Structure formats: structure tokens, C-alpha cells
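Please see the structure below; I have some questions.
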């Protein structure tokens, strides 16, 4: 099921502003890859290019190639919808659908695509996804209530549940645990570990312990200065990045362990 | 300048749902207080009642008293505007004004009270606030650009800069570092330490190391189960909460140190 | 020569016709047309008449564009239009039949006064804005014994382009050429600034609600307003159906049309005793020939009904217009009888 | 390259996308074609005017002399309508979205929407029979006390059926358009931004100027443009209310005329060149509408970056 | 201690705040003063209300400015003006509604609603007036025509308008086509309604021969008027749907068209419904374009594709401008106002229906 991703010479622009420059990276299938780096260095921007979500932002564009199991996402004949249905995403800012109940939010990927699903299957899927995101207990009594009435952390978990409900082959998560307490964080990390056996997972995190705990490989991004593009500085086995980074910048960054 | 807050028998409802029950707490002036607790236990909800921001949510209401230096915020004659201009707030979800430039975002609150602030004073204030939030270097060249074109972490810091620019007497921060990398987090923690000498600071955080590092006192909130109200379980010196909590629940929570 | 011909002889045609006859044009005829339509459809249950009171100009245009089978118009086809009508009606062109005659009243709202005498020059001076008060010498001199108040005159005219205006100013231009030097058209002269309102109803209600106001209006709508007696020759003639018919009878036929055409040039400056010269003659315009027999029958039956004694009195009962005179009716019937199938 | 698995994977749902985007493109083209043909129709029908001898045009001095006063009249009427209706409409919309007690707000919105339910003939009849006589008294007072201001120069119309009255009637007709659209947009202001303002200690009004109005700006301008369109194009109400005439500066005397009313009043009896004149007048109205809209779009686009679309 | 209870400490939070009754005092004073001023110019209710309101707004603001400072004063002034705007907007509404009710209710009989004007001539009205019997003839044919023509106009313009707005907001990238559409839509917002009628008449005249007048021609004319309103209002409402929501759907692999129909449009539905209702309300009350396209029927016709039709506005227009009986216009006037009332009720019901539909789909947010 899961697929590998190879990125070749990727540049990302916001109109004229080069936000991310010259990224080359190979993400293994059935593995967890963590992106770390200072705020504003282009992690989210780069992550979005992996499933063509940057296209939604006016003016944003890429140069280069992203290969999913060898197939270029940016080939002119490729439909971004195909890409996105294989590569799911959880955003940095939780964005549940305000028009839908909690249940419908979880089922959004299924229902919005008009896939037929029996009530019992749907119920099972909702429960499974919400349990996976450690939200089931908190919302099981109010599945019919709007998703916008949840706390920040609950919304974030709802969005995770929504993303895994469609079982994409690759899951991109942009700081999925930023608003979560340690218990939920642990649950999500468990989920990631579970997902890994079948899917390819990429997460952005500011929490270095988390990166160390869950990821197989880590990519460190950095930015040379204001107005400069973000760059991939180092990419390798997580243990190597944290214990014997080859680059000075990486070492500086990971050694100031705060998270 | 700074003021103390005493909360007496506070209940918070969303329509009929009792979200937070029976909170009694005294927050010292010139101190940093941290709220910790699992997601959905009512930290944000309670925090909002400290400057009457819950009133913005339809159906939300409180019972009980919140005294600011002895004056009840919920006295019928009190104008919430007065309350809020003394008690500033940084929200869990960064919310810069998309219609304003970065500079205007920082100055938004200041201009309310001081229409005719001189250009040089304004410039100085913008720089000081953005430096405080560790954002100056990243945005100094694009102060005139819209605030919505910033990265998640940058937006969060912009909101912090905006809140401190008006120098309120109490600052409430709802997970101010959730989207920040370790470097920015450190900077914000430094800022909080600085602020403490003049202001009263309350922060909500999921990061227990952070709570331990920055706060003088810590309040642990918990929720007994789904549909139950959140409660203040234990409140005391931060060192005590982390090292010798009196409640079993607190101990369980803080001992599972993940953050 | 055909069945329709007998239709004219008796007031109620014995043979019934069928089909839909469509017309458009003069809004002044609308009330009368409703009456004709209703009366005719009662006699001929198989037939339908539809008439859209879009305005005379619009009606003539639609007629010439073959959009409708007949037009109602406050003016006969002019030479150019007559030529154009040959395209659609064959070499004899169209026929104008005067079917609706209605006097135009000079109506005013001066409390306590129901009638005053005015000559053409005075009327023209008032409407031109030169006489500004009811107690003006020019009015007083013609109305001995009438208590004229010191009240400013407010002239109210039609805002829309209308046949009523055109006939009224035509009278002013003909009978008081020294005072009324403006162009004659359905539009009120732009040079004269005065109050105005849309439609007959509009001017009447504005006049009714404004003391000192004076206007010209289709006589049927005059209501409670005071009415002027107009000087013709040496006498002041009150408005009446007979006086209006009389004015139409003395009108001169227009030259250069086919021989049955009844286009009339009214003599506005007539001195004929008992004639009331401010009168609007509205025509029915038919083709001299139609494509098929069915249409011809229908047109003839309806046209005959409209000018018949019964038709005219039905219209009078509904619209308050003046029935056309016996002589005119005979001429009209003759014209209608000449309508035939195109060869 | 042809082995790219992503290319063929799409298949199934893609046709839906194609149909929908095709349909919306087709709708766009259809509208374009329709509106374009309206414009072409007008230009063709109006052409005779531009070839005609000036003396044949109404007024006898050419089309420009004929149309100029009516253009000015149209602009005056629309300007009065917008000057009154825009602030009032925004005020009412704010009342419904941010001031009225939540329980009644919907109902109030419904009540104001009723204004849109009233047909223009009725507005005309009302303006003529009810409003004008009331205003006549006020005009009289204005003429006596503020007559030195050119727009209030006396003698005031006795019937009250003046440009100002027509402008007020138009304002009432335009009001629901501006209110209804602005209200919907105000209601959509992200609460995040409202909260941001309030948390800074902004008063309700400050919150509105900080978060709501900037967010709604493009929408308000569009609403005003729709209102303007209505004000410019309204025929029946003006035709019934206004006692028109030549150009005057005074708004409280009879006089002035609007293009739409001029067309409505003269159309039934118009044919040939006169009809071409009236249609050419309609064309002029297009030019006015266009000019104002271009300015409005320009204002919106200047602030595009700050529209907060994200 | 006793001292403390005697003079309880004044809350810092209410310092310098006007007591809640302050504005009532100012109001009372303004009303009195307003009466005095009104007496100077000749007392009557209108100047009294006007002066009182003005004085109240000024005094209320000034008092607040002095006691609570400029910001609060501005806030209060805004409050006054915004409440004032609402009240001012109610005035014409109440006046129009009152006028229509007062004049329309007497004519609103069963007979009026369920008969046409077929066979009603001036003579009938004359007799009615002379004998004081109930007015005969009704607006059934016009009600039918209004419903039919408006329905068809809506069927034509709403889908096309919505889709075009969707194209402009969701699909176009600001190219020539989008700009051309925007250009024409802008220009057409100011089209005088009669011109739209002339266009439709000419168009159908070209195709089906001169003088083609049916309800459908009128519907096309109305569509020309409706489309710009639908497009522009929908466009605005779609533009303010947060991109976040689109992103959320796209990231789930949802196709664009489903995102639009299931996420974007439902989020904007209440605004779109308002825009559509406005557009319908506008054209349902149009007179001029109907006059030149639908003909003028006085009997019932259900078929929009054949024969002439009447609508309520044209019915009203003709009843007012060319009364059935010029000598006795009262029955016509009564019919006109009753028809106006019917028309208003129809639009009201429509508005209500639109709101209900919108609510079915509307976001279940807390607002």
C-alpha cells in the first residue's frame, strides 16, 4: 500500500519570493520521516508541495520534481486530486468543517466523494478513526454536534481522525501534536507507529524529543537569514541527526534541546 | 502596575453544558502562573473568563466572581472593554488581522488609546514588541506586507508582539509556544520572565518543562470523564506541583513527562 | 362581395368568425378596446381579440413590422409610414379608420369655480407660463361675474410622450399661433418649465391635489375638476360628445391615400358653430388586404363591430368617449368592406 | 513517462470535475455571449443617431445637447440615492449583524428585506402620493431658510415631486440591496479576528472598524455597485415620482430628468430615430455604469493583498 | 471598619463610568428641549422627533465624552447612529406597507384572487360605482403570469448565474475571459429594465418572427436583469469563504467540484440565498420589460411558450395609468393596490422559503 517519495531539485516560490530552495530528498515507504527546523524556514511550505496543496495558494508555484513511487506528481497530465487522495494531510491550524457535525467531519473524505458506505461501516469507521486520534471518549456522546465547538486540541485530533479515515498511502502531518497534552501526544505517537507499518508518514514537529521518539529519518531545514530561501541542510537516520550530525547548523539546533 | 486576580466559585457554561466547575484560585500580581491539564479540560475556557472573552461566544456564561485587585469583573456596572484593556490575551489559534500590514497589526491595540502616536514612537514600539517576540529579524524588511503571509509560528509570535505592545496589566497566553521551534520558544520564555517584573502573566501550556521553567505557580485542571465539567484539581508553587503533588491525579499527569 | 359585408349592415353580425386577432397601440383606446373585445367575443365565442396598449408609436411600428394585425393609433400613418405599409399590405397599403373620438378638456382646480370661458390665446398664454395668476385681466375680461381668486396658476402637463399632448398643442399652435410658437409634437415643449405627471391619471390627480392647477386631459377622466368653455368663432363652446363629433365631421380628408382611407386633418381654428376643436381622433389601422380569408373575415367582423352603433355605444359606456357620427360610420363601413384577401 | 501511474488513476470521478468546470465555463461564456449581444444590439439600434442630422434629434441641436442634461440628472439621482443608502445600509446591516439582540436579529433582517419585496410601481405610487406631499412642506422650509445654497434654491415645488424626492425614493429602493449583502458579509467575519480586536480592549465600534469593516470592504463596495446599478436603471419609480424638466441646480424644484425615466416616458410613442435616440441614451447609461464600476474595482484591487482571503 | 462600610471602596473598574440611568436622563432632557425647539418653528410631531433625536445624539455623545473619554463617546455615537439607521430605514418601510395595506386590503377578496379581468369593461366598473356593489374582476391571470414568468426567469438565471460566479471565483485565474465576463456583468448591473425587454423582444423577433410575445420572452428579458445581480452577489459570498475549508477538502482527495458543491456553497449559502432573493424580488416587480415582451392579457394563460401573459406589476401599472373605466377609476385603483399587496406577500413568502432553504444547508456554527 505505502509508497516512497523522491524529491528532485525542488524550488518553491510565493510569487517572486523563493521560499524553499533546491531540496533533494528520498522518503522511504513504510517509514516515519520528521522535518525539523526553525519557524519560518519553509517546512510547511515544502510539506505542501508533496501533495500539491501549495497550488491552492495564489501565486505559489514549484520547480523540480516530486516522484511518488517513480511517478512525477507534477507531470502535466496528473490530476492533483489523484495525488491528494493518495497523499493525505493534516494542517498546522486545525480546520474542521463548520458546516458538519463531528461525525460528518470524520466521514468527510468518504461522504464528500459520494462513496457509498453502509451506516454500520460508517459507524465503525468513525469509531476507529476517532479512537486512533484518541478523541473517541471525549466526543462519543456528541457526534452530532458541530465540530467547531471543540477545544483547540480536540479540533486538532478531529482533523487527524479525518485524515486517517480515508486511509491514504502517505500521510503528511504538520505539527499534529502542537496543541496536545502529553497523554494525547502519546496516543498520536502510538498511532503514527501503527500507521508506519502500512503507510508512509511525514511529520513536521518542533518537538525534538518527539522527532527522536517516532521518526526513522529526520530532515533538518534551515534558513540563512531573513528574505533568504529555506534549505534542506541535513537528512539522515534520526539517531545520526541527533547524535552525530555532520553539519554545524544541525548540531547547534538539535543540541539546544528545549521541547 | 500589575494586578492580582482572585477567582471565587466560578462555574462556566456553554449554554447548558457545564464546562468548568467551581474554580477558586488566587493569582499573584507580578508572577507567572501556568495552567496545565489534558486537552479539553477547560483551560482555555477558564482563561477566557478572566477577561470576559467568553462573552463573545454565544451561549457561554459564568457564575461566580473574578476579582481584579478586589474589583469584581462581573459586576453589572463594569464594562468588559475596561476589563480587556487591562487584561490582554494571546489566543490558542494565531489570529493576526489579515487586512492589516505586519506593522499595523502590532500597533492595532496601541492606536486605540493613542491615536496620535508619533511615527518615531510607533517605529520604536513596533521594533521593541517584535524583538520581544523574537520576530523582528524575520519581518523587519517586510513590515508593510500583510500579516497573513507569515508561517504558522511567525503568526503566533506576531500575536504575542501585538498583545505586549499595549502593555496590559495582566497578560493571558493560551499555548503561546505551541507552534514555535525551540529557539523562539526560549525567546518567548525570556520575554515572559521579563514581563513578570511588571505584569501578571498567566499561561496555558501542554509542555511541562516549560511550565516548570517559567512559572512560579502552577494550576492543574482535570476532567473526570466525558460530559463532566473540568475542575481545578491542585494549585500551588510550581516546584511543589511537579515534585510533591498532593493529589494522585496531578502526580499521574506530571509524572508522565513527555513534552 | 363576401360574408363580412353583411356584417356591417346590421348591428349584430349573424355569422360568427373564429381565430385570434392581435393588435397593439394607443393607450387612450384601452378602455374602449376592452369594451369592444368583450362585446365582440360575446358575439363570436370562437374569436379572441388581444390588444396591448403599448402606445401609438409602438403600435404603428409593430403593425409595420407585421408583429400585429392591426394598430390603434392617436395619429394616422404619415406619408412615409403609408408607403411602408404597402410592403406588408399590398399595393393599396393600410387603411386608417377613425374609431375612437374623445374631446380633450382644459381642466382646472380653483375652489368654487366650475366653468370659465377662455379663448385660444388665453389658453395658450396660460400654458406657456405667460399668465401666472387666476385673477389676470385676460381671464377676468372673458368671465364677467365670476369671482376669480388671487391664486398662482400651476400648469400641469403630461410627462410622457402622448397623443393628448400632441392634439392639444396642435390646437394651440393652430388657434393661437402668435402665442404658441413651439414645435408641435407629443412631447411637451422643453422650454416651458412646469409641473408634470405620467399618464392621464397622473395629471388629473396632480391637478386635483394642487390648488390653482390647470391641465389638459382626456375628457372622460376629468372627474370633479372645473372645465373651460373654449371660444370658437364668437361663442364659448362647452365640451360635449356632439360638439366633438361635429369638429371631426368638418375635418378634411388627407390627400394621397387610397380612396377609402379616412385619415383626417382636424380644423383646429374652425369657426363652425357648435364644434369643439380640441379633440383627439384615434384610428384603427388595418391592412387593405390580408393573406387568407379567415383573417379577412375576422378583421372585417371586428372592425365593423367597433364602428357599429352598438360598438360605439358600448365603448361610450365604458370609456366615456364620444361616439362617431352617422356619416363617419357609413364611410368607415365602406372602408372596412373593401378589405380583401391579397391576390 | 507514459508509465506514470498517477495519470490513469484519476478516471472515475474526474468526469464530474470536467463536467462541472465545463458547465461553469459554459455558463460564463453563455453570459458573456448574452450580455455581449445585448451590448451589440444596443449599439446597432442606436447607430442611426450618430449618423443623423443634428436638427433631427430631439431639441434640434444634436445628440450631445439632448443627452447631456439627462446624464447629469441621472448622476444626481443616483448620487443622492447612494449617498443616503450606503451609510444607512451599512448601519442597518451592522445593526442586524452586530447590535440587535441575537434573538431578534434574524427577524429584523427579514423586515428590512421586505423593502426589496415592494415592486417599483408601488414605490412610484407611494413616492408620488405619500412621500412627495410630506416633503413639499420641508422643501418650502428649506427654500425659505437655506435658499442661498444652490441646491435648495426656491421656489420650492408645490407638489414635492422633485429630484430630491426621486433620489430619496431610489435610496429606499437601493437600501435593501446594500443592507442584505453587507449583512451577510458582516456575519461571515471570522470570529477569530473579532476576538482579536475585542481582546485588545477595543470597544464594539472599534472592533467593527478594525475587524469587520476592513474584511467586508470589497463586499460593501460591490453591494454599493449593485445598488448603483439599480438606481441608475430604475425606470418606473422615477417616471412616476419625478416631475422632470430641464437641468436645474436646485433639488427642490421641478426639473431634471433621468435617462431611465426618459426612456420609459417616451418609449411607447417612439419609433424610428426617436427610438434610436432612446436606445442611445441607454447606451450612455452603460458608459456611466462602467466608469463607476471600473473605479470601484480599482479600489478593491488596490487592497487585494490585504483582503484576508486566507 | 464602620467607616469602611459607610463608604464602600469604589471599584477601579467602574471608575469614571456613567451610571446606567445616565442616558435615560439625557433622553428625557432631549425630548423636552426638542419640544421647546419645535415650538419655535411651529410645533408638530415631525420637527419634535427630529430635534429630540438630534439633541439626544449630540448630548449623549458629549456627556459620554466628558465622563468616559473619547473612545467611549465614539462607541456610543456609533451605537446611536446604527440604531438610528435602523429606525430611519423602518420609516419608509412602515409607510409603504401601511399605504399598501390600507389601500390594498379592501380589494383583497376571494373574487379578486380567483378571477381574471376577462369580460370586465369600463361599463362594469361604472355600474359597480353607481350601485356600490363589490368590485368585479381580479388578478388571477396576473398572479399566474407572475409566477410563471418569474419561475422561468429564475430557472434560467440562477443556475447560469451561480455557475458563472463559481467560474469567476473558483476556476478562473483572472484571464481574459474572466475579465470580459466581469466587464459585462458590471455594465449590465445598470441596464434600464426596458432596454432588457427591447433586447429580448428583438431577439425573439429575429428568431420566431416579429411580434413574438410570450411569457418566455419576458422571462428571458428578466434574466438579463437578474443575472448580473446573481453573479455579483454570489461572487462576493464565495470570495469570503475561508480558503482553509477548501484546503481541508482538497487534502482529503475531494474533487474540486465536490468541494465547491459540498463545502464552499453550503458555507456561503445564506448569502447566496439572500442575493438570489434580491434578484428575484427585483425582477418580480418589473413592469417595463414585461410590457414589450409578454403582451397584455386579461385572461388566464398557463403556457409561457404561447400566447400573451400579464404579470402583477403590469396589471398594477395599467390599472393605475389606464383605468378600466376612465370615468370611474376607483375600482381600478382598488385592484391596483390589492395586486400590489398580493405581490408583496408573494415576495415575502419567497424570501421566507429562501431563508428556510438556506438554513437547511447553512453552517452549523455557533452564531
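Chains here go by letter, A, B, C, D and E, matching the order in which they are written, and residues are numbered from 1 within each.
Rule of thumb we're sticking to: a residue touches a chain if its C-beta (ideal position, glycine included) is under 8 Å from a C-beta of that chain, and two chains touch if they have at least 3 such contacts.
Keep in mind it's a predicted model, so treat the numbers as computed, not measured.
Visitor: Which chains contact both chain B and chain E?
Guide: A, D
Visitor: For chain C and chain D, which third chains touch each of them?
Guide: Touching chain C as well as chain D, we find E.
Visitor: If you tally contacts for every chain pair, which pair is highest?
Guide: D-E
Visitor: Just grab the chain with the largest centre-to-centre distance to chain A, centres being mean Cα coordinates.
Guide: C
Visitor: Taking each chain's centre as the mean of its CA atoms, which one is farthest from the centre of chain B?
Guide: C
Visitor: Could you put a whole-Å number on the gap between the CA centroids of chain B and chain C?
Guide: Roughly 85 Å separates the two chain centres.
Visitor: So the centre of each chain is just the mean of its C-alpha atoms; given that, what is the distance between chain A and chain E in Å?
Guide: Here the centre of chain E sits 48 Å away from the centre of chain A.
Visitor: How big is the gap, in whole Å, between where the Cα atoms of chain A centre and where those of chain B centre?
Guide: Roughly 28 Å separates the two chain centres.
Visitor: Would you please write down the residue numbers of chain D that are in contact with two or more other chains?
Guide: In chain D, 13-14, 17, 129, 190-191, 203, 206, 215, 264, 267, 307, 309-310 touch at least two other chains.
Visitor: Could you list which residues of chain A touch at least two other chains?
Guide: Where chain A meets two or more other chains at a single residue, that happens at 57, 81-82, 86, 93, 113, 149.
Visitor: At least two partner chains per residue is the criterion; list those residues in chain C.
Guide: 27, 54, 58, 198, 202
Visitor: Touching pairs of chains, all of them, please.
Guide: A-B, A-D, A-E, B-D, B-E, C-D, C-E, D-E
Visitor: Quick one: in the complex, what on chain A touches chain D?
Guide: 57-58, 68-73, 75, 77-79, 81-83, 86, 113
Visitor: Can you list the residues on chain E that touch chain A in the complex?
Guide: On the chain E side, the touching residues are 243-256, 258-259, 262-263, 266-267, 361-366.
Visitor: Quick one: in the complex, what on chain D touches chain E?
Guide: For this pair, the touching residues of chain D are 13-14, 16-17, 19-21, 23-32, 34-39, 41-42, 45, 87-88, 90-92, 94-96, 99-100, 106, 108, 110-123, 125-126, 129-131, 141, 172, 175-177, 179-181, 183-185, 187-188, 190-191, 203-206, 208, 215, 218-219, 222-223, 225-226, 228-230, 232-236, 259-260, 263-264, 267, 279, 282, 285-286, 288-290, 293-294, 297, 307, 309-310.
Visitor: Within the complex, which stretch of chain A touches chain E?
Guide: 51, 53, 56-57, 80-82, 84-86, 88-91, 93, 95-101, 108-109, 111-114, 146, 148-149, 159, 162-163, 166, 168
Visitor: Where on chain E is chain C touching in the complex?
Guide: These residues of chain E touch chain C: 118-126, 205, 209-213, 291-292, 295-298, 307-308, 318, 320-327, 329.
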